[in-house]
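First comes the structure, then the notes that go with it.
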């Protein structure tokens, strides 16, 4: 059936820029200490020899965390590819890790017929949820259900969980292949070009920015303010600002800023109203957290719940212009759910297709504790441990951030 | 040039349902006291004889209130039609009535070339704002600027203002034609089939509902909550609920409801989570104001500023399910600006084209104090005084509301 | 359950314009011979007394002819409403009338669960086809299947078929209710405001026009040519030209034109290239058939197969400009399938919802041989015989066609 | 102003896969003879030292060939970046190379204000055309106009022209910097990850496929046939087939096929109709040219004009099923202009932004005869001579083509 096999010894190169001096390194430099280090990683794809007997395999899929465009594309493609190998027993675990232990939640038998058109709609066909149980309980459940392959779709936290499951399985000498597919709309996982759903999210986020732009330009001294996702990174805010070309101020968590004072954002907004008559501000959800009172709360996944920088800025801007007696018409847009609860665009659909196929190839090749991703335009497998060392963040010295600054024309805010 | 003249004595019929008994009357019955009354109104369109000498006319356009899809289409078409008549002197008054008196705001000369493509983007090319000056000051300004025709785009309040201007002009014996085009995304003006932008707003609102539906269905005990516009009426909420077919509870200001108690909304949500596993709620911004503390504040147009029913319900729902120990994952979407700051769809584009053309025909026919609208699928002129007697509201006994109830399957909430 | 009953004696008015003289009558005048005639028709909606015992009813749905946006919305709503009445036995007849007799095609059991989300995609869930069998064979099949209610979605031809079925059932004294819902993307059925799918088609057609406009404007002496549907009428071409505002020449079957000669279309295109540098032409598929060689062929529904006016014009234009030595870059777009194979927009979704509900109400009220439609913004039942007397066509003297001419600025082409 | 300088000695790596054996090499292997060769190319971006005095520079932009989404984004960004450097004299050459010599075509002065919103619409603000004059005449014109920087947007042919201009300028010792930006919707230029507009084209092409799918599935024995662009390569067809997941047969020029015979496409369609009931075929415009009669004609750019494989297949399929007496309902879609005359999506908008900025940086760095592109996710400059050696084509042994085959499930057609 397969005739495009990947040889197990094939490698893709991880780092491809050779800086003539360390000072010229930008965002693309993952390791800032060296000018360039060669490093090869496993190429993804089907292997000639497979580790499992397809007819005897029970495969399970679980989707964790928040929604992200493309989840259904990946689920669909994993099912298709498993069936192509000849796997008969495929199930979905409902509502994330919760589905492993919560009573009343039953695993869903999956087949090509059932998932044929799920990619036409957003969301997760299996349901998602945050948080979960202890690793040991999940592995108990895996053991009880006699699962041989577990496909886990989720972000940094979910990957850590998947790796813990993988290690617990090893400890118990279970022959379970645990393969992850990185799912984070924030694009904040190390070492990979991008994660699925990010492209679609930027497209939709740009629509919100365009609305803010239209509101701002049509109002007398209009100020459009858009808050975009980004739990620890400003990728969506940066890319949507760049793609729209309509943003005057882009604020991300990686670059500190002040609102007040001579070099603060508010003073710059005054300047923009005076010179342009209106302006558009795009702020990432995790930006400027030092300006807010800490709530200290966390969600079920253990993520810190942020105080709302968007609402805070809206209030500060209104107060400021009231104080200085200048009219300002502030319109605030938080498009979060509309950005993430939508169907994957064509580019993400292809990415999801390949990542899903490769996840299955990886499991059949006998890998476990890996994640299926794209590096330097090539599809590879990375050890989960490598990608969860820290969230990926925008490098403030990178060319891409400089391009964003050039596009907005904003000064340093401190 | 024109060969499709309308005769000044042509009439369109205002009411077209003949109820066999008063009890069967629904939303379509404007006057609930009678079973049916015949009433004819002026048909809109070009007249053979025109009242103004085109070459000597100075025409002005002003857009007031909030944004609405189609504003640019109407502006563009008024300019086109004026030029077709031969008018050379066309200006835009910037930022609503404010543009008549605020220093530093200059009238904008308009031409076909300038407005050719403004319909491709949302917003108002002229800018909008709320509130304004005294009528006498505006008429002073009209007099000083030697304006002969004033085209006013706005909602109920703006129409009242336009009529006051019209009457003040009569009192001063100024030959000024004041013609309005109803602009309210809420569709809340009496006697007309619909106002421009409403169709587009329903389309976009439905997108937000779809996002809420996807979020709700993909979450464990997910509740999607969408707040839609409607300052005094629930038309957008009702139509978007109907068109999406994904709403389980639709709440509008015309129909009172309680949240708590045996027949309250919260109890029904419990029921939906138990039986369906998720649900979607759509609430109009003015709904349930009796449940909120009055702020008493008004905006610059004199509209009451509502306490936010969306945020209130979000909090109440979260608290309720916490109290009863049932997990519930509430996702709240307020798509207001994304619904209104967008381009008109094809249907609205045609409506805007005709309303704009007819506004100019009406002015050249010598009418003043009228509004250009569509009644029973026919384009007519109505006296402003007739349409501003009260805001149009959803009739809770109408077939359309009953269709909505059938679609949602919701009970009475009291 | 239902509390918004319609009284059987309620009526809606069919004609609502009162012309002061016959000469001012436009497209809205259905009967050109009279200045105005009052005529009342049955108001649609649920009746207090129903004719069938829901639990014993077998209801069937069939979709005939070509695709049209909204087919799935109507199917879905018929199923929902039947279930609300308590009907258990609902089936779909696959692939039009063909499904009644072709071996191997089985009727599909339908339920709320099955059709819940079919409205999210275009096409027909049941499948469509043209043509069919003899009426007597279809009624044999209806009798054999013990069908009590037959819901037929289709155009003029299909309506004629439905009426023949209705009459044959009467003749055989079968208590079968045959209710049609007009389905014609061309909007060419008499007496109704519009048919479902038309609005969506205009929206999509406008996209094609916009592409043609961009191609034309970006090319040196660019000519964009778009062919739009309209088997016997130019409604889509006229409305899409109006809504886009980007068309310079709109050609419809109701208005004859010549290509050659001093007053022909080609000469006008020369003029446009000289003055504007580019132009856009929109032609309805049935326009200018007198200019083509008759093929005489018909499709399976008995519709005449047209020679392709789009391709013909493309060739004529290219030849003409080659002959006169003027460069011209012709881009031809035929977006037919992309216009009709798409999901209904919000406005059509509501129309479909109401028409579908009313079809079921009509059947339960005991009507047969009727069609469910909208007249003067009110939902009514019309006898099929009334609506199929002739296809509805654009009235060249109507205000709407004059608005289109004003928008394009085109002269008479003869 | 700039603080994110690129050092002139920075390099990006061109090839990043290390194949363990030559046999496992796929599409990603540019040079099939070797297992892996290291090769470094110039990193794009602003340099600390610039070669031109901005205030004295006259810069010109020209767009050649057919339309492609994103042209206006690149034009806009080149103007923005030139102004950021301080360039005052920026002009657009209208309608491709033709604008250099055709009388009556005047260069257009460009500024930030003028191009601010051109990215919101598709097409080329400057106009495009194919073909041109002799290189020497163009350079005469460049000399006469005193142009210092020429930015050329176009495909393989245009790049060859740009390089000839660059060499003629060197010969005449003119200090002119000629910088290209690859513009080919087909994505068929060597060495780069992708060209701008390709992503958007795949998105739109997928819409056409979805229409074909809906038409096919809703018809009795429906066959949807879509022809997509690809003058010498099947990238759009392959990617749109993959992203839609709705294609059963994908035909590209790189992979020969037969229609007739035991292993031909037609026999496979028979099989699909029998087993699935419908099918969707996607064919690239240059596919199967060996099956057609050669026309031998070329367009103004010297490109071979293809006989139309789409129309040919439509006829062959119809005839075949008529011959074998099996009903088949063929729907043919050619979405070419709708795919290319549209606005760039967010991903392409960012690509265009960076390529445009880098083109200007490259000119100021003193480069000439280069093209601005993206390699292995990094932005680089490549010598034009390197990228025009041959058109890039789909490698039939690549993983991506195998993924496509897996997705369609099609056999070898010969």
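As written, the chain order gives the labels A, B, C and D, with residue 1 at the start of each chain.
Note that a contact is a pair of C-beta atoms (placed from the backbone, for glycine too) under 8 Å apart; a residue touches a chain by one contact, two chains touch by 3 or more.
If you're wondering where the values come from, they're calculated on a predicted model, not measured in any experiment.
A.B. asks: Which chain pair shares more contacting C-beta pairs: B-D, or C-D?
C.D. replies: More C-beta contacts join the chains of C-D.
A.B. asks: Which chain has its C-alpha centre farthest away from the C-alpha centre of subunit C?
C.D. replies: Max centre-to-centre separation from subunit C belongs to A.
A.B. asks: Between subunit A and subunit D, what's the gap in Å when you average each chain's C-alpha atoms?
C.D. replies: Roughly 29 Å separates the two chain centres.
A.B. asks: Please tell me the distance, in whole Å, between the geometric centres of subunit C and subunit D computed from their C-alpha atoms.
C.D. replies: Computed value for the inter-centroid distance: 39 Å.
A.B. asks: So what's the Cα centroid distance for subunit B and subunit D, whole Å?
C.D. replies: Computed value for the inter-centroid distance: 45 Å.
A.B. asks: Can you tell me which residues of subunit C touch two or more of the remaining chains?
C.D. replies: If we look for residues of subunit C contacting two or more partner chains, we find 121.
A.B. asks: Where on subunit D does subunit B make contact in their complex?
C.D. replies: 117, 120-121
A.B. asks: Mind listing the subunit B positions that touch subunit C in their complex?
C.D. replies: It comes out as residues 2-13, 16-21, 23-24, 26, 28, 40, 43, 45, 73, 76, 81, 84, 119, 193, 199, 202-203, 205-206, 239-240, 242-245, 345-347, 349-350, 353-354, 357, 376-379, 397-399, 401-403, 406-407.
A.B. asks: For the complex, give me every residue of subunit B touching subunit A.
C.D. replies: Going by the criterion above, the answer is residues 67, 95, 98, 121-124, 127-129, 207-208, 210-212, 214-215, 217-220, 329, 331, 333-335, 337-338, 341-342.
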